[in-house]
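Presented sequentially are two complexes of chain A, the first with chain B as partner and the second with chain C.
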Partner chain A sequence: MRLLTYHFLQCPKTKTFPLLLEPTQVETIETEYNKEFILRMIPRLDWNLVRQVSKQFAFGELPPVAPHNDTTDEETLRLLHKLLLETHIKEGVLKSQDGTIYPIKDGIPNMLITQVNQDE
Partner chain B sequence: MQKYLVVLRDIHKDFGIPELLSVFSLVNRSLNRCKSLEESFANSICSASAHLETEKKNTKPNIFYFANFQSDHEAFLVGSRCVLVRAIIRLWSYAPSHELCLKQLQSLGKDTFKELLKSESESFRCKLFSYGRKYSQSETVDRINFYSSILQQFPGKINLKDFRHEIWIVEDSFPTTGHTNNPNRTDLPRQVFVGLLVAQGCADKVQTYTLKKRNFIGTTSMDAELSFLMANFALADKSKLILDPFVGTASILISCAAFGAKTIGSDLSFTVLKGKSDDENILSNFRQYRLPEPLGIVRCDILHNPWRHDTLVCSNRNFDSCGWLDAIVADLPYGVRESSREFVGEKLHSKFVLNHIPKTARVGLEHLVSSLFEFAASSLVKEGRLVFWLPCTDEFSEHDKSNICHPSFRLIAACRQIVTRRFHRILFVLERKEWNDDPMEDRTGTFYNQSPFYKDFAAKLFREEQRKEVDLWKKGPSRRIE
Partner chain C sequence: MDSCIYPPAEDTFLLIDAIVDDRDFMQRYFMSLPSLFVEIGVGSGTVTSQVAASCFDDHAKTLYLGTDIQYPALHRFQQFVPSVATEKQRIVEVVQGDLLTFLRPMDEWVCIFNPPYVATEEEEYWRGQHQRSDIATWAGGILGRQLVDRFCQQLCELTRNSRRVLLYLLLVDTNQPTQVMQFLQTNGNFCTLEINHRRVGWESIRVYRCWKRSFSALK
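Here is the complex of A and B:
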């Protein structure tokens, strides 16, 4: 799962967004840079979450306001490309606010609601 | 604005013109042009044999259509992306016979042929395309030579292999009676078109994606031709994000990725997501064609899907930034080869959660369709497309199309594919309306109150009462998650 996909996932049980991402294995898979695609995606993202994730993955500080369509800030766009389209979460877990855990195995998150029985 | 002849291929005839219109929309939108052009283009299309059909009752497939394009370049952009377009020709003349066609050509001004008259380096060749009739080499040459008085005025050389222009002589010779292969045919062509080729469809490209040579396929992998059709209906291009919620072996996403779109796939079945081995899984299919890998492969249940729900998020926000997906493509499991399933919640000890493969149970197709609409309404951007198949029997009528409606969507096309005499399926293409047009009342529930044409499809197809969904549920207890 690339980090872009993570930005569109919510908890299927509580319907809360965003989920908490706790990766244990991360890979970088290079892909062709497409400025138009990044520009189209920016307004669809929760910018505060993008900034937070950028810090979490040591990509550094992003500008406080999302770049607009006519931006000349090529550096930020390249960084977003690397962050969202090239960072692949291979193993880890997604956590919901109520504590539900969704495991990511072999790059595939399992978003089925498994009801955990705490008593046993 | 000029008149062009669109020659369609002879397959999936219900899909040809809707595909052309969709691709026109795609080109028009990518050029950021006025939306009204799409409507005027749609109005310019008319069947080239409409006048013939009124004379005699004619049920033969028509493959010839007139359409207006603004330029050769526009016609090229549209035509070269269509799976079902054979060729687009800028019309010089058309008439009921070769003789009349030649007469018309001779009366045309030099301006018509300006590209070919420019210089000696404008090499060309001439092609005879006869629909419904096979000609021998010498017969073909005879027919081309018939136009020699026109062809001889061009200064360029004729070169069959390396040419700049191709002139098409198109003959509509489908016999009114009898067989096309009859050697003693004496009938004359019904009509003749002559013009300059400006675009050929992408059937050759599609051929390289044939399922026969694909590494990882399943029982319900989508045929390459139909997958590319779906990608065209979904307006796939390199700035789009497209999701398939029933991804299976990713056959539909492959075609979207081939047009440059970024893709996400999800499925309930873990066996397909995992694949057979490292060289036989969804990713290996993308690698096989050197396409970029999907941005996500997610295991989830569409009935309780984990995708961001913008109907809740957007209430106070700018409607222009609502939605995050450009298109959803889907081939629903309708219970013939693949059963419709949902995930069943189980009580589990917490230490098993990570490695547990959860249970699934059968669910009625109408639940899947209504969840699909709910998901689409909360995730697609304005003018985003929802493209999906539903099965039906030969009893399906135009009226049944009204089963598929949703207040947030407008119907773009519903094309029927005849799979067997009794088993048909319909490709529905819908487009998301403006977000601020959305009615605030409950969007769901529209599907539960009726008995749609696709309900209990397997039972209807096989005429087996025991295959009704209600009876299948009885076999196993299902505990639905609330």
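Here is the complex of A and C:
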């Protein structure tokens, strides 16, 4: 799971976002830099969470405001590329506020609530 | 392990053709090509890979999210992704989940769903869902609609405040598609249109395009 995908996940049980990410194995896989892709993803993300994740993964401080389409801040875009696209969570867990744990196994997050609820 | 992966069949290709042929509509609807695709029940990954490769051949600015209830399907798909992804620089991600339950509400995305549409006993449907076995890839319960109906409810709920969401949904006549479309129109403010159709044996397979009405002027 790339860190990008983490930004799209909510707890299926409590419908809360974001989940708490606790990785135990992280992998960096080189990916070709695509500026337009990054620019198209930025509006989809919660910038505060991106900033928080950047600190959590020791990528440093990001600007308080998300870069716009016409940005000249190439440095930030490159950092976002490394953070969101090249950083993969191989193993770990996602934790919800209510304590529910969703494991990440071999790079695949398991977002199933273990019991299938017939009433739903 | 591979037995619980639905192999690509006639319906798979009908769905792919419909989506690929609808590229102009997507372009108009999103005023650019969409930046996010979510396929529910990604199975063998054929639909997502084909759409990524042929529909958006010249376009590497889209994130593809494939989800399935079954871990083996996703695991296999993930192994297969690098060949699609590295050659064409596609970003393809997989998540194990139950329909749309794990997705945070968002706007501007395309959803693809080829559901288990075969009408079965209710018990068989639940058996598939509980055991997450190969039965789940085709057993649709009463009218073949049980999972389809759950999905539609979730979609309407999830996109309540969204302006542009586009769904490609495959159904067969046994599912009574008119009812499904009416549900999406009434509860999700979707416009609906049948865009592809094929007879396979005694069954008619249809692909529907459903899009949020905010842009109803578009045909």
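Assume the second predicted complex is superposed on the first by the 114 of 120 C-alpha atoms of A that agree within 3 Å, B and C clash if a C-alpha of one lies under 4 Å from a C-alpha of the other, contacts with A are read in each partner's own complex, and residues count from 1 in each chain.
By our rule, a contact is a pair of C-beta atoms (placed from the backbone, for glycine too) under 8 Å apart; a residue touches a chain by one contact, two chains touch by 3 or more.
Since this is a predicted model, take the numbers as computed values, not measurements.
On the shared subunit chain A, the superposed partners chain B and chain C overlap sterically.
Shared-chain residue A:111: touches chain B and chain C both.
Within the superposed three-chain model, A:41 lies in touch with chain B and with chain C [touch as defined at top]. After superposition on the shared chain, chain A has more residues touched by B, the comparison being chain B against chain C.
By the touch criterion defined above, A:32 lies against chain B and chain C together after alignment on the C-alpha atoms of chain A.
Touch criterion met: A:101 reaches chain B, while chain C stays clear of it.
By the touch criterion defined above, A:12 reaches both chain B and chain C. With the contact threshold set out at the top, residues 1-2, 4-5, 8-12, 17, 31-32, 34, 36-37, 40-41, 44, 85, 105-113, 116, 118, 120 of chain A are in contact with chain B in one structure and with chain C in the other. Partner chain C is touched in their complex by these residues of chain A: 1-2, 4-5, 8-12, 17, 31-32, 34, 36-37, 40-41, 44, 85, 105-113, 116, 118, 120. Against chain A, in their complex, chain C makes its touches with residues 35-36, 60-61, 63, 65, 69, 71, 74-75, 78, 89, 91, 93-98, 101-106, 108, 126, 129-130, 150. Of all residues in chain A, only 1-2, 4-5, 7-13, 15, 17, 29, 31-32, 34, 36-37, 40-41, 43-45, 85, 101-103, 105-118, 120 touch chain B in the complex they form.
Chain B makes touch with chain A in their complex at residues 238-239, 241, 262, 264, 266, 268, 273-274, 292-293, 295-301, 304-309, 312-313, 320-321, 323-325, 343, 345-350, 353-354, 356, 358, 379, 381, 481.
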